[in-house]
Every structure is written in structure tokens, then in C-alpha cells.
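Before any comments, here is the structure.
Chain naming follows the written order as A, B, C and D, and within any one chain the residues start at number 1.
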Amino acid sequence: MNRIINNPDLVVEDAVRGYLKAHADLVAPTGNPRVIRHHLAPRQGKVGVVTGGGSGHEPAFLGYVGDGILDSVAIGEIFSSPTAKSFHDAFVAADGGRGVACLYGNYAGDNMNVKLAVKQASAHGLVVKTVVANDDVPSAPVAERAKRRGVAGEVLMWKVGGARAAEGADLEQVIASAQKAIDSTRSIGIGLSACTIPAVGKPNFSIDNGMMEVGIGHHGEPGVKVSAICPASEMADLMLEHVLPDLPFAAGDDLAVLVSGLGATPIMELYILYDRISEVLGGKGMKVRHPFIGNYFTSLEMMGVTLTIMRLDAELDRLVAAPARSLGLTKVVS
Amino acid sequence: MRGVVLADAGGVVVEMVDAINANRAKLSEIDGAIGDGDHGINMSKGFTQAGAALGDPLPPLPKALQVLADALFEGIGGSMGPLYGSLFGAMAETLGSAPVLDAPLCGRMLRAGLEGVEEIGSAKPGDKTLLDSLAPACDAFDAAMAAGRPFAECLREMAAAAEKGRDSTRDMIARVGRASRLGERSRGVVDAGASSCCLILQTIAAGLEKRLQA
Amino acid sequence: MNRIINNPDLVVEDAVRGYLKAHADLVAPTGNPRVIRHHLAPRQGKVGVVTGGGSGHEPAFLGYVGDGILDSVAIGEIFSSPTAKSFHDAFVAADGGRGVACLYGNYAGDNMNVKLAVKQASAHGLVVKTVVANDDVPSAPVAERAKRRGVAGEVLMWKVGGARAAEGADLEQVIASAQKAIDSTRSIGIGLSACTIPAVGKPNFSIDNGMMEVGIGHHGEPGVKVSAICPASEMADLMLEHVLPDLPFAAGDDLAVLVSGLGATPIMELYILYDRISEVLGGKGMKVRHPFIGNYFTSLEMMGVTLTIMRLDAELDRLVAAPARSLGLTKVVS
Amino acid sequence: MRGVVLADAGGVVVEMVDAINANRAKLSEIDGAIGDGDHGINMSKGFTQAGAALGDPLPPLPKALQVLADALFEGIGGSMGPLYGSLFGAMAETLGSAPVLDAPLCGRMLRAGLEGVEEIGSAKPGDKTLLDSLAPACDAFDAAMAAGRPFAECLREMAAAAEKGRDSTRDMIARVGRASRLGERSRGVVDAGASSCCLILQTIAAGLEKRLQA
């Protein structure tokens, strides 16, 4: 395991410290070392937008704290939900008096900890409403959408929710927009290699050389099939075949498309994939208005890629296009 | 009716902390077979924090269980924080300010813990989780009590059922958690959470029994 | 080799096509498929700022075409210099009538091809001046600085040169600023694993598990030593020991610091390293005014990291801080 | 004095293209030992483009060499583009519009090519590069000519020296290019560039000899 770490049990602490040192113009510490906030949060009169999740997905989650996106983030161990207390403290750090929108991903630990934290917050009068991302198509059939995991679609959900809050919307409106964002979004991942949590020291799943796992989750959760690796254009087609019929997306749709590497896949390969994706979508009469290509939501040093597609209406288009500044995503209105 | 003076029983939590720490490597190893190999690490982190927070002199058992619950809620996150936090939190709540723990109260305490875990975790016995140790242990305690057996024997039955429950997970297919990735391949090894839960229940049984007074 | 590619001989073509499709608001094609330009280039009255280099270093080189940085880029095969013709065509694409600054890295192939391209350009009256980045400290002793390779310091050189050109400076001034930028910059890399060029199909060097190569180049060029892996804080110290005495950097210096992953190293590890770097620099009385942490200059799926430090004077500070928008680097003036 | 009618000799370049393509895999394999295993790929790419650009009917040799040089400059980049581009470009320039290639002109052509490579690449014989095939080949041609040997024999001496030069790289340590990474470990295998250069020089020698006219 060739990694740049000190104590493997303290990678999160060490990384968060470095993050705070590097980006003091954007983020600030809180009393809880596992919670960071926007350097101006809480901003009075603004709905707080919060998320939280396990570490190892950088720039998610902490990298999306910034102007026009998130106000605070609760930070968990690698691939492990933050504590209920950290979620709670993140709510407090974001609360500008108009309530807090907690926009997070559908994982057992996160669900439990958020539930406890919301209960705790409401006990002292802080109103927190939640949206649970469940954009990962292969993780459950469409009839059981509530069981699906949240994956890179979360980034677009944060972007939309953050932009809506920045417009001055109230909590109901922020929640409605974020819910619409994730309801309009579908994702799928392909895994090409495993990853190793430093404290564990060895991969806890494996993908053989020459094989790919279609539908893999962000922590190596099982996909829908393991098959021989195929050319990028076939991977693109396969991913689209899963994603497009699910919403379903249709001719005439305006889209945001996010292609994220899982960590170790070279960026140029994301563009090779996107070349085909964009061609197929265009061929079907859809229009990609907002492409995002890069490492937006990773899984340590896994090789592989995720594809996320959001159908835009006028509101989502406006909110995706709105200016934002964060480590993970910056939109400059040019 | 025999019972445990709760004001003097905070040490049971210390014994749990010691048991978890002594089995840290073993629990991770068990988790490594079909999980991600960190269960011992996760548990030991939370329990060690609880141990440090107990203070001196030791608080009564209800308070000590609450300290443990809080440490798990605040210290480990993931799924174990809420699950074990709910277990010990519900137990502490059931004990409330009772001065003495007798068999019926103990039965209610275990049952409340079980329900706490089920409520927050939404898993069921048979899913190859810690519930497969916890649920039969509760049932065995209640059955022994219903059969009129003395408190000490109820505790021993409970501990034995926890162990049997743990071993029963060997033949199960994991339906929740990380190991559910493996489907059929998750069969053949015991579940990590069931192992830690068995350890905890055995430690509770032994700790209460040795503190039993006439 | 688990990769997202079609024909391994056409990875560059495929990726560039995808890049152009995704970022039409930023870049545009030229008549040469191996040259891309700013969507508004050539901009009349502005000095053109150009670079070029082998592929596989994404977001370098093409990802730095944008507002306030580069006007055009010549694109080579993976780890192989662009042709003289592509450099020449990139000059033409950037030429707004005030000459072209070609800011590139010190590699045999690039030197030869740029030399030929400049000759060709001057034959038809296009004035091109060059700055050759040589920031990689371990690649040659300080007495032979001219032999040193250019590595991630190139990003800061482009930023400075691009910002100076955006201010309306003339060619001499742009060249002088870019030259000052690279003369004030020192880098070092540590390699933790090898990488595979798709067309070759297997790594052409190796780093054993548990070992690291100190001073490695961006294509796996040999470092100054191979030793057992050490904690991140010792890696940071080691890197600083090579870099700081070389300029030398001294107490009171204001700095830009760029920590770039080589591709597969998780972002959180860059922050673990930066935590220590920032601490040591602060302890020595230096101030990091502009930290850049991320995958700025990669080597396919290598694991490892590079550290680049630039000493700022008032001019460099202004130019590094100036607004910019590109895929690789965005500076929002907030 | 015997010579080659240049207007009819464009086919020599076609023969070079064929030779490089036939040895694509072998050249890459040689490069794989101490380089990055792409020399055959790089060369074949540029030479194939040249072959396609030659047109029908074939141009005279000077023009054909210029087409080859341009294809290499424009087609492959890296180091091989400028190095071999300079080689063939300098050769073409030396031939200029001469109608016939005799031994002295051939000697000047080879020497100009060598100097072109040295000028752009700044390497020296002994660095374990294509120069170690090219430089002794030039010298052997000149020596044979100085000894008054006929043109055909000069060409054969040249080809033999190119091969001997190629083999001499086996015992050299690489001082430029990718293989210089390996230092002492670069010894023991021949250099890829010296191999392709030898192949090219052998093809030129054979191609010119068979076109020799009294």
C-alpha cells in the first residue's frame, strides 16, 4: 500500500487540518473537528444547506462548501457515516435562522445518524428538513427507488439546493428544488479496480484484471454484473442503457451530465467516454446544457467512472447555471 | 427476590470496554472475512472513549450505560454508533432511576435494547447481523424467567443463547450491511456484529451475576 | 490494464474530441486536430500565450486554455512531444498581432519541435519568444539548471504569463514575467507507483510495493533515490529539504505552493501532505499566500505527488492572484 | 563514374517504408527492453504517413526524401520526428536538383544527414543512440571512397558499418533518452534507434545499389 499518510487511523483528522489551512478564504473550522463550515456561516437570513458523509470521496463532501453551494459539512471516517453529533453540529453551524436543509445520500449509517441528529436539533427548536439522494439506478429496481444509494447525483443536488438558498428562498423552497433535482437525476458507475482503506491495509473487494463491475457503488458495493472490459464507447452505451429508460429521459430533454472519475482513472479517459455519451444523447435529440467532467465524487484510488444525468426544467437549469465557488465545483458566470 | 444494586454496578460497563478492547483484533479479523475488516477498530474506538468518559468514582449502571451510549453516538458514526448507541441508550432509559435491577427489569432492559436496535436499524433476525445474537438472547432470558428460573440462571441462559445465536449466523446469507455484497458467498463465516454483540451480552451476564445480592 | 479507452492508438484523438464537445464555452478546435485554442483566440491586440506537451498529464496541457491563462495548446501523443507543425499551428492560432509567448517544459522532444516551429513561424514573420520551464530540482544539480526538466511549476508559469498578457503587456513583458515566474519556482516529485501507456500495454518502469522514488519525473524519469515509504510528514520534510535550499527560499518570503497528485493518489492525501508543508514553511517564517492543492499536472494513473514552490514579489503575487477560468485552474476574485 | 538517376529512385523511400513496417513489432520489442516499447509504433506511424503522401507516379528521390521528412516532422512529434525529419530533410536538401547521385554526392548526403541529426539532437556517438549506427556508416562510406573503391562497394561498406555500429550499442550505457534512466542497467541490449537507423541505412544502400547505372 503506497500511500501518503501518517497514522492510518488519523487520515481524516490530518486531511481536514490541511484542508482548513489551504482554504481559509472559503472554509473555517467549528468546535467539532469533524465539521467544517463556510467561512461566513452561519449567514443570517439564509437557509443553511448541509451535507455529510464518509471520507475518501474527495472533493466530496467537504470540497463543496463554498459560495452558492454548501454552508457546512459533517465529516465521517473513511467510507463511514459521520456521527449523529457531527450532523447535528453541522446543522447548528449552518443555521442562519431560516432553518436547515440537509441534503445527503441514502446509506444505512447516514440515514440513522441524520435521523438522530434531526431529532436532537428539533429538541432545541432548530428546524431541519432533509432530502435523501437515491440516484444510483443499479442499486435497486425502479419500483424500489427508495432503496437506491445516493452517488454523484448528490453533487448536482447540492448545487441546486445551494443556488436556491443563495437566491433567498425559504426552507420549503430549497427542499422542493433539491428534491426535484434528485428526482430528475439518474446515475450509474462502472468499477475497474478496487481500493484500500488505509486503516484496513488491504482491499476489501476485488475486480480482476480485464474485468469491470457494472453498477458498482462508491464503496465497492456490488454491481449488477461483472463482465469482461469493453471499449469505452460500449461502456458509454451500457451506462446509457441503464440510465435513460429509468426516468425516462426523452427526445427534447435538456440535460446536465456529470462524468466523474472514481479516483485513479486518468482524466483523459473521462473525455473519451464523454465523447460517446454526448454523441448518443445528441443522436436521441437531447441537449447537454451543462457538462461536468472530472473527479467530482471519488472512491479513494479506485479506477472507474460514474455517469450522472439530470433532466432540466427552467428552474433546474437556472440553478445549475448559477455562480458558485468551491473546491469541487466552480461556476463562473462569464 | 435477588437483584443487583445499580449504584454499585457501573463496573459492568468497564468490563464491556475491556472485553471489546481485548477482542479488537479478533473482531476485525472476523469482519475481514466478508466485511471490510474494521469492526474491531470501530468498536474499540467508541468503547475506549466511553471508558475514558466514565470518570472516577464510577457512576451507577444506568448512568454508565448512558455514557457508553453517548460515546458511541458521538464517537464512531457509521452504523455501529447509532445501533449500539440505541441499544445502550434504550437500556439506560429503561433502568431510569431504579435502585435495584431484578430479573423482570433486566428482561425489560434487554427487550428495550433490542427494540431500539430494530427501530433505528430496520433489520430483522435472520439478516446475519448483531440482532441474531441479541434477539435469541432476549427470548431466552424471558423464557427462563417465565419458567420461574432464578435471575442468575436467566442470565446464563441469555448468554448461552447469545453464543448460539452468534454461531447460527455462520449458515446465514447476509441481507444487510457490507457483507450483503457477497450474497451466497457470505455463508460459512459468523457475522462480526453478532460476535461483538455476543461478547457484550456475555460480559453483561457475567458482570450482573457476580454483583447479585440476596 | 483496466482502462476506459477505444483504440489504444487513438486515445488522444478521442479525448480531445470529448474535451471540445464538453467545453465549447471555453475552447474551440483549429484546422489541426492536435491544436486547440481559446474560443475567442486569436484575440487582436493581445500577446498570444501558448504551450504544448505530451498527453497523459491532464488537466495539463489543454486544460489550461482559458480566460487569463493560455490561448492555445499543441497536443502530443501520450508522454511524447507534439510535432513541430502542431507547435507552429498553435502559434498561429494564438497570434493576435503582438507576437506569441511559448511557455513550455524542458524535454528533448519539446525543445527540438519548438525550435523547428519557431524557425518556421519566423519565416513568415510571426514573432515567437520562448520560456523553458526547468523547475524540477532533482533532475540536475543547481550548477546545471539548464538541464532540469519542467514539471508542475509550468502551471504557475502559465498562470503568470497568461495574466500578464491579459493585462495588455507586450511580448517582452510577458516573456520577462514568465521567465521570472519559473526562475522563482522549484519543484520535486515523489513516485509511489508506475503507470501504463495504453498503446504500450504495460508499465515501462516499476516501483515496488512499500517503496517510493524521490525525485521522479512526470514520465517515470529516474529520481535521486528509491527508498522505503515513510510517513507523509517525513515525505513533506524530505521534499522541502530538496526544494528550499535550492533557490534558496528564506524567512520572510511570500509563496505560492502547488501540491499536485500524479493521478491515482487520493486528494485527501495531498491535504495530509500539505498540512505538514504549511506548518514547516510557517515555522521558517514564510507565508503561503496562494495554495493550490489538487490534480494539476498528472502522469496517467501514477500514484505520487509533486510539490512546487514559487517565491512571490509584488508582480508575481498580483499575477498569480489575477482572475482566471480554465478547466485546470480557476481563480475567482471574491 | 557510375551513378543513380535520381528521377527514377523515389522507390528507395517506398522500400524504407516497407522495411520499417515489416519491423514494427521487432523495433518496439527492442525498445521495450530498456525504453518504453513504442519505437516501432512511432516509426511505423510516420513512415506509413509518408508512404501515403508519396503519390503516384513516385517523385524523384530528393522530393521523396522531403516528403518523408515532412511526414515525420508533421506526423510523429516526440524526438523521432525532429531527428529523422532532420536526417531526411538534410539529405533532400543536399541532393537539391542534381540529376544523378554519384559516390561523392552520396557521401555529402549522408554527412549532411548526420550533421542534421547532431544539430537538432545534441547527442554524440557513444551515447547509445541512432548516431552510433549513422556516424560509423558515414565514416565507412567516406573511407571507402577515399580508398578509391567503387560506389557499390562504398554502399556495402556503409551498410556493414551501420550494422556493426548498431551492435556496438549493446555494450554502451545510454546517456540520452529514456533508457538513460537505467544507467548501468541499460547495458546488454542494442539501442532501438540504432536498430531502426541501421535498417534504414541498409535499405538505402541496397536500394541505391540496385539502381546503379554505368
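One rule holds in what follows: contacts are C-beta pairs under 8 Å (C-beta built on N, C-alpha and C of every residue); 3 or more make two chains touch, one makes a residue touch a chain.
For clarity, every value in this text was computed on a predicted model and none was experimentally measured.
Contacts with chain A and chain C are shared by no chain at all. Common neighbours of chain B and chain C, by the contact definition above: A. The distance from the centre of chain C to the centre of chain D, each centre being the mean of the chain's C-alpha atoms, comes to 34 Å.
Look at where the CA atoms of chain B average out and do the same for chain D: the two points lie 79 Å apart.
Here the CA centre of chain A is 56 Å from the CA centre of chain D.
Contacts with at least two other chains are made by no residue of chain A. Because contacts link the chains only in sequence, without closing, their graph is best described as a line.
Chain pairs that touch one another are A-B, A-C, C-D.
Contact residues of chain A toward chain B in the complex are 9, 54, 76-77, 79-86, 108-109, 112-113, 115-116, 197, 199-200, 202, 204-205, 219-222. Chain contact summary for the complex, chain D toward chain C: residues 32, 35-38, 41-42, 73-79, 81-83, 85, 120-121, 176-178, 181-183.
Residue ranges on chain C touching chain A, taken from their complex, read 1-7, 11-12, 14-19, 21-23, 25, 55-56, 58-59, 63, 67, 192-193, 207, 209-212, 229, 231-233, 235, 263-276, 278-279, 291, 293-295, 298, 300-301, 303, 305, 325, 327, 330, 332, 334.
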